[in-house]
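Take a look at these structures.
In the two assemblies presented below, chain A is common to both, partnered first by chain B and then by chain C.
Let's look at the complex of A and B:
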């Protein structure tokens, strides 16, 4: 659970009413980012509106470059990062996909840029609402990928994200994902850390021997073909594995500076101690999910909620150890993987795969919901719990996936 | 306990006003030790000029922020509200923010004993001629003010923001208290006491104007609310059948989209003096929504249900006093003006002149143009020939 008060005094300078996007802009200011590249697409855009104002107000000294497309936008920050500038960009939905070529090479070049992904449906048809498929597109490309659920977490994960991404043992770009509308555009009171506290937590960006500079002549991304690619992939594979340890370290350090904000780095458990059935999901679905959980607890049901934060690297061991305690796990997907095994969603496949080595696995069921920004209510989550509870005894093979919230 | 405030505003022109009100309700509530958050109805975007949109503020004294978020923030729209603020009284005729939404009553979400809070120069009784009846009693309160339009994206700093905060406090102190609202405004703008004073005045005003509306009081709602198809009931591949193009002379001669009429976008409608018309065709050509139907006598009827009040026809019309934009609450239906004219030219013209009166208010649609007041002219039927605009 999240402790309310920081141990350390004076780590916050003030409290402001901020949307998720505005909270990220405050994180970018505090991280003292050097280069920002902007290109608009809803719902992430507001972070760039906020940053342009922060720079105009003299609160941040950064290059703010308006690109002609997402592809250029992502290339700009990739190159900036290579010369040891801390860089920030972001996008949403099909804009994110338009720059995909640049996203892939940012990971291969091991440049630790931080991107905000304001999750948006991959239109057509025209849709602004949340779906996780956009951010999920980089899940196998050597990216760090995490979801936040409140503006406060959003601000904090800009700092946590840069620290992990820039760590010498990791050097991977970071996609900080948040649900479009429900978080990007929802205004909450946010505690703003002091610059001093941030300095204690986030060291300066130092590429060391990897810095592209006349004084340090190197060539990045030459043509290498069969002679080098496999070894490069092996390096990247190893970095993604090492990242798990670095993530744990970063949250320990964050808690040391800001008080016990995070009980566990990869996911947050709620009412799971004696639970037999849990739901697990990414993003803001945790709010109705946990509230539904509380209501069912009042009626004597042994249910819990696991809010998954880190998706890449996937917390295999930790999640396996956690979920093996339960009889049934309902996996919530705010994404789709049409034609995949059992026609389930992406998160379900990852969770089920992590549980496979166990001798006694919990029953797994899959819920697809909230696509294209469709809302997910407390009552919807109560239904999800009922479905997961039934899966303990029912043969779910023929009816593995349940769509909730679709007109049928 | 949850208090829900809905803020109805006109897209783009009042967006920042709506957002500021929502934000400040949360900030004032949190200064009082309450929990709150604010968001907008995201599906309203992108906000076309004048389209009815919503912002929300939620306040609780006892729930955690997460529970409040789960109850209110995880939803796209609310089921009901304690206060529904209306920042333009012409929205009382109904709101249709997007296709397949239907024209909804402005008080749709007002719960039993909840309040519809309207900034207007009219009385609650006058407003009730437009508002849908409900099966339970609810309240209607007004505070006086002009339409706060500042052009695209522009916040018109005319104290509507402060007045609304005071009015909300006047209706329900469990949302925000008036002292807290005044204290916050004084803290934010210590050199501008008028802001806190405006809030106090509106606070006192709504406590005087508030009246209970009895079950069944109000108008019968004539607009149908569409039912959307199930997933297997429509065409695959993100394709939507278009309206087949058809045309014949006369009123409603053109085929039009029945599922998105957009008429609730307007706060003014063009009134036409058919007797002054020179049949120059400019209104018909310029109308971006193809609202003008050519008739067999060469005049142009208007399909008001589809008119968004953009003012282009009135600007294009070369004849003085021939097409004039008039406040939408002067009209109770969308019937054909041409038919009324043909039935009785003299009576129609008299009626049109009565609606037009002589005051002309041109709200800023473009940033920086500002609100214009012009003096119009009464042109009696047959009393004067068409004359060109200067």
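Let's look at the complex of A and C:
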């Protein structure tokens, strides 16, 4: 849902033309982050360019460390978080993969660091453009994982992200994902909240009895072997389940401070009220998706678009309740899952799995598109709607997955 | 002498060693484990206002088990290659919190330890990154010349010729460990000119030397590094009662030089050339351990030659393998 005026006055200090990365840097400033570790890789890296200047100008009091690799970068913020410092890092593509070991332990140590993932295709061969496989790699590791679609949302989800991640019922790291180039580097007008409004929404980070400090002499993550790993996995599982409720609470509170910004925490629907066919996807594909939707509506087609925001935890119940209203659902994947069931993408598998318990399921079809940063046009999206519409009546078992925008 | 320029609380005799222990019972290290001594000694002299990270390695797996942790001070596991980066993280977090008034502004030591595999091979880049910062932190690399928890595999710091599970002597190849021991302390000192203190040490020889080096490293400020030499009865194949003596042999033979580099100045803290007997033959050191049982006299001669070279040919003996400028 696009912004309505906030109920509280003066929650915004100014409006600036910012890219997605710059908007995140403003969120980090407002969250009064204590430790930032940087390492360059396109396209996320612009957030670190922006933050270094913010720190150089004295607008944020934080330690800014230029690490020697992504592995070190992620370990630095993990350990800063363990001493109760609010920490920020990020990466893209294979850089994210280079630090993967550290990403795993940040989640198993239950440390609520916030990372920006500027989605980028994995090498080889080299490509700067968006593909979602990088961020998707942490989806089963105990991470919070959400995609934003505008710089305004990006700024706000730094604040929302820290609040959810640091909540003691959750304590999971947060990956804030955004499409490389299309969002990391595209400029929009962004309303920048006041420090006072942020203070109302985001409590200070308090790791309590979990912090590493001489006044709290604990041992964190000693060797446990088969004696305790399963119980710890269970705690993490429980936290991910509890996170769904904490997420809802956080958006309610956010709306209370900043006005009715978000009608639903987990996904945003567009023209779905009387729709029979919808497309669902992550990230900026919603822009051509919504325009295509409007054009088809003009011709009398009952179509709609669902922008999925939260991927971990997955909004199982909410999405199931929403999608069961439709006859056909086309799932857009800007990722690949080679050799998976039906050879579909990651998002399709999750959506289809969420819909499986329904007695009358909508027809599902899968579209793989926009890989490596390839543009997804309005016409492409019109074709996607047509494919989804046909799936209502056609037997799609033989061509369940359609690649759109690929040279055959 | 450069060493006197560091103002620190020197331990002047064995009877002056602090009695209080911050590394106590609970660890499950092997009989005769020198690395356990390295742990016990550093935290004894660092004291309770310290936070510690330990990289994966035998001093994690065998040393720090859930519900039997030996650490009285706050301790956290870190990944194999994250000794340097974990130290930065702790030090940076504590500095920011103190400056912003979120915690009491007081000196807190940040110490990370890692083994020779984690620190000298995988984590070298992270340690290099740490030594370029201006945080007060100490990285201790405990070197038992193997991946000692994983079955005794060779690392880049294993002595030339040593038998390990990755370097077994065979009928065709007598020597599989053909790499010369990596000179980590020398490399780090040479490569990081703003780092004020780099040292090598052995927990038990000479007495007090290691403890005072830890005190100096913590007192001098900024990032610091100590490489310790930890004979391992299981991995080096000798009776656990001789752990201290094996370390002493290695140092006296010149294989493992003891030095500190303080603001660029080298101080030999035990100079094997200047003792009454001079440098002892490496043969005595090699013969005392089963891991060298397969060596033949010419192998011993080769090792002796390289050690002689270290002390007689290098411009900075035992520290930097540079032999001056080639004349055109």
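Just so it is clear, the second predicted complex is superposed on the first by the 407 of 408 C-alpha atoms of A that agree within 3 Å, B and C clash if a C-alpha of one lies under 4 Å from a C-alpha of the other, contacts with A are read in each partner's own complex, and residues count from 1 in each chain.
Methods note: contacts are C-beta pairs under 8 Å (C-beta built on N, C-alpha and C of every residue); 3 or more make two chains touch, one makes a residue touch a chain.
Just so it is clear, the structure is predicted and the values come from calculations on it, not from any experiment.
Trainee: So which one touches more of the residues on chain A, chain B or chain C?
Mentor: C
Trainee: After superposition on the shared chain, which partner residues are touched by A:288: those of chain B (first), chain C (second), both, or neither?
Mentor: After superposition on chain A, A:288 lies in contact with chain B alone.
Trainee: For A:34, decide between first (touching chain B), second (touching chain C), both and neither.
Mentor: second
Trainee: Looking at the overlay, does A:300 come into contact with chain B only (first), chain C only (second), both, or neither?
Mentor: neither
Trainee: Quick check: in the complex, which residue numbers of chain A touch chain C?
Mentor: 34-35, 37, 61-63, 65, 67-69, 71-73, 75-85, 87, 101-102, 105, 204, 212-214, 216-225, 227-228
Trainee: Note which residues of chain C are touching chain A in the complex, please.
Mentor: 48-51, 53, 60-61, 64-67, 69, 71-79, 81-82, 84-90, 92-97, 99-100, 102-103, 108, 125-126, 128-129, 133
Trainee: Tell me, which parts of chain A touch chain B in their complex?
Mentor: Where chain A meets chain B, its residues are 15, 17, 42-43, 124-125, 128-129, 150, 180-182, 185-189, 284-285, 287-288, 290-292, 294, 373-378, 406-408.
Trainee: Along chain B, where are the residues that touch chain A in the complex?
Mentor: 22-23, 26-27, 30, 36-40, 42-43, 45-46, 65-67, 69-71, 73-76, 228-232, 238
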